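So the structure is just underneath, and the comments pick up after that.
So that you can tell them apart, the chains are marked A, B, C, D and E in the order they are listed, and the count of residues begins at 1 in each.
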């Protein structure tokens, strides 16, 4: 295979990996703060994308400034997703704190269904895919058979920056410390002066903001969004987060790239088997969990008797 | 004087990913019923009872049973999704409920059995695949990459297209079966870019078509795209936006404007105030409902008699043109070629492409 | 039957750079109670964890009635007759007290699937018998537990939970019983009652060997036959309680000037 | 321990408080006073409601009736983290630690109320000075500490908030005799620094030695109260601790 | 509440009878107000049983007089089936509810007892149906054995997951099963060996030569051909229920519960966590497989769609909504989860939205599900009342 195509594939894989990693990171955050899996996460991504689309369309109808539209779209996405995330966190997840984890999983899944259906019913012709305007500069870098849009590069870099920033925020700051404390023992955390509710809701807001950014990136990159895109992305994000290891934030990032890598690899090597790429990816997941029971970056044993 | 009420079932996907088509079909058949009820000459009052099959076979069987077990329902306008359509044929046969399929295009639904109850007004994917192969090769496109989804629908489209492509002199350089809800096609498209086919043939529904088209654009894939009726929706045009331009599609219906009553239908649909488009298969749902109501008017609300009457349908005028059922109660239709031009699906012979004013260039 | 019930030699346990147990040689004869003491973090609980198979030792050997312990899985060791309590209460808080205690007795029950399904009458008799036995045992430690056998264990105070754990270990009818700070948090009166109950149980099963970890010197004095003191995972003393009190090393490492 | 701690001035008063868990009331009209600069102890048999009282003061259990005040502020209905922010440090029952964090991180969590990293570091060093064992283990996950080591960590974390009033719930649980003495030495030290202390302990003798004032709880009621000199002789205390003879 | 037996027994008859009457009404209900009334009524009864003193006494009576309550339920089931004997659709719903309840009994054994979050339940259910399709299509195996084989094959294929499932816990197990479900569905769809996306046809269930597909009358009375299926499904549920109860109220029940809650404590007392988790997983899978086999024969076909993640979630919703570990809760929740979307057909597009809202409301206000699992009470009664 010629080197240009190889580079192209590498780029595609990286891009996919960044998107997966961002979603996985969100899952990992919620897990980190409350030990719960919030399955509506994928649909919050969708919500972010649609909110951005709405804002962009509105701005576009008033002034023709793509830059402004982009910024406002991003802000709208973040605002909408954060609001949704905090409502879900505050009214559904927190009250179920003492119920079994599957109950939380189910209730958030249903919340996701409501979001999804609300988008489908609320947006005109919401069942159809919607085009996402190309707001970034539309030039291409062409080196031999390697061709990539400047906008793609921008998106990739922005994604990487967000991932790194989030990682830094959680591992290096006081907020991160509070989040982890709350996850391990809410009472001890309170008694150390941490505002439990605020920390939890703050984490939900943060995770949802990540989702919103991911939603906008998806829109900008694929130039198309639809109401059910969160479903598949949610499952993949969850898989990436768990297989990477829920105990550390590097886990989901690694998981995201791994998942993207396997999918891309299968498609390149055996095109006619590209339908098997999910089969392959999930088989790899099962095997990996068999080998590393608590994820690739395994949790340090902290329990003793 | 009060007329007796006759119930007709409508079954299609009203929620989930294919809801747009399902709701369009329901609205269209609803329109048929409304128009008939407004007609003073009608002997009966009709009521359409819509059911949601969610595009899931097991739910489909459930609602089919429900409809069929309801003695007040005399016939049904059924199914958009092929997987559901094929799963429910036994149920209708067992309960002797005559149905007219309005959207599912899997050949087996009519040709895979000999149930007298199953009719279909729309064509099958055989028509579309054959026309696609012949038309495209005739235009000088010789090498193809196929992307199809792994449902019955996509697999069938792939099967018939490749089957007819060989004798027509075309060649398939690669086939990519993909999951219908796959989001990312950059890997496939990069491979395709490498292989440099003349054209990408998509066997799938609107969401798949939109994604492939948009991402071709993003990756700068230098090929054209053709699809089947599954992408011939307003949704595709909207979703793919400017990138849709020049996409070719094959559909076993003709454009509304080519039908004698097409404009009337469009006007009535607009007047009825439905929120959603009729979608590509709306006219078929409309015609199926009318076909059934005609039969009821003629032989009365009796399932057996309606079945016999429907079986004998020959040369019956309708919105979608003359309906002729063959020995498997399959309407004989001819497929047509369309092209996306200026944000509309345009009948090929009327298009600027056919006239040579535009060319189906990739980019 | 001259060999000791438990014989450990050179037992060593490392966690990374940390040596939690350092070449321990300990022998326990049938019918004796060893008082095991030592400063915090000196390796007492780790010793129990190694004996019950929860940790694999880095070096050394241990035999229970001449059988190699470390060749066995934790469950096999449990079935061979070692029972314990945990320093940090490990009860199933949502399950009833009876379920918790019955867990100890399961090693004596036949757990074939078919038997559970098809021999319901015999099963019922077995269950009734165990319920009676559990009630009597619990009654001895705290009558309030015995009257609430089918309440969730989580509804009891820490102290009662510790009692439930002791019942669970006793009902297993072990050969070697390991008690990890049973009196922690108890008032002097409660501690006294606990000692009485333990001593009574001791009398009823004369062959039982017990290792008792305690920081409460009164308990060690009354209950144990022999004392062992650990410090940094090493045995620094073995002998009678009286000698322990007088021992200089023990005083500086463990007891402090108060004693 | 040598930070900029102010001398205690505020009094904690619990007036006729009733509280408990979902079903039953555990505390019934309990009143206690914790005077600034003094050590006040609460004694009582297991299940008497000592921990429940502490949890109620800290806002972990709801006050069903009565009032709690610290200085001028009413604590009833206030969430725990705000109560702690008022200057109340807590060493909760059962030497609870954050198991998946290292010893150092546990202490940092205790110092989260303090915005200046320098001060947090200073306090941490002060804690390591008291508990050298923790310093050795600073990078170990708290969940793998021995029982006594956890106890130390729990105490150290409670002191990290730089409190004016320290609430101890059985701090010596699981500690070796040497360290039990050490805990009481800490209490004395804190008292000498003019801090207020509320102490719940089973170690009656040493507790009475260090405390100025005491209460005896039995079945959720205060059955005896007073200066420790007097309390020592109180029959209720003997009933609670040594059984009726 | 007086301690003597008669009022208790009356309560133990009345409550299940009332519940079944409500379910029967729901089954026949067509109008919206009826459905709303029934749902509100159910919730009201639950609140009364839960929150009021007499209500709790009645609930306790039902638990104490378990056998009376269960007998009432059996009779009530038969009465309901007979009442609807000619209603195809109602019977199809009953049979569907009973079969998914059966599968959910298996799922309960895995999730509530064994603590293994199985998010591939529908995949295993479908595997049962595929087994039935292959065996009836290619062999002359008697159909009862086909059912058993459905269970056996499902169990054996579950072994693939055993290693990862046993080595890990919690969300990691959830991921393994989710991955397996997606993988299986994908594989069945892409690969044409078992009919590809179209799946396979399955002949009607015909035990001992009674072909369920052709029965139109029993003893001269005209009945729907779904009646035998509904009966068989109810019987299957009864058997699964009984087996699960036997399991729960035995030493094994204690062992499995212990292994779930605290594997370390359990292993020091001689229990092998691997063994008992595996037992729970395999028994659960077997039940799911048998139910799937009968479901496939009833529907007459099976295809990969049924193995989807969404379908697995439906089964899990049933278990969670019913209350983890409560077998009667499984029936109630099956009825709600399967019948509600169907009953909401008139409001079509808003159906999923409303369904999701109802599930959220139930979980929000009853975090433990409709009927939480009661504590296991073993031994003769007198001890309990002391």
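Here is the rule we go by: contacts are C-beta pairs under 8 Å (C-beta built on N, C-alpha and C of every residue); 3 or more make two chains touch, one makes a residue touch a chain.
Not measured: the values here are computed from a predicted model.
Between the contact lists of subunit B and subunit D, the overlap consists of A. Using mean Cα coordinates as chain centres, the one most removed from subunit A is C.
Put simply, the C-alpha centre of subunit B and that of subunit E have 38 angstrom between them. Per-chain CA centroids place subunit D at a distance of 50 Å from subunit E. Here the CA centre of subunit C is 30 Å from the CA centre of subunit D. Chain centres here are Cα averages; for subunit A and subunit D they lie 43 Å apart. Those residues of subunit E in touch with two or more other chains are numbered 186, 190, 264, 349, 352. Within subunit A, the positions touching two or more other chains are listed as 117, 275, 278, 304-305. Touching of two or more other chains is recorded for residues 45, 54, 86-88, 90 of subunit C.
Contact between chains, using the touch rule, shows up for A-B, A-C, A-D, A-E, B-E, C-D, C-E.
By the touch rule above, subunit C contacts subunit E in their complex via residues 52-54, 73-79, 82-84, 86, 90-92, 94-96, 98-99, 102-104, 106-107, 109, 111, 113, 116-117, 120, 123, 126-128, 130-131, 135, 147, 149-152, 168, 172. Residues 174, 177-178, 180-181, 184-185, 187-197, 247, 299-304 of subunit A are the ones that touch subunit D when the two sit in their complex. Those residues of subunit A that touch subunit C in the shared complex are 304-305.
Put simply, subunit E touches subunit A in their complex at residues 111, 117, 161, 163-164, 167-168, 170-172, 174-176, 178-180, 182-183, 186-187, 190, 264, 309, 313, 316-317, 320-321, 324, 349-350, 352-353, 355-357, 359-360, 363-364, 367-369.
For subunit A in complex with subunit B, the residues that touch the partner chain are 1-2, 5, 8-9, 12-13, 15-16, 117, 120, 124-125, 127-131, 140, 145, 147, 149, 152, 218, 221-224, 226, 228-229, 231-233, 263-264, 267-268, 271-272, 274-275, 278.
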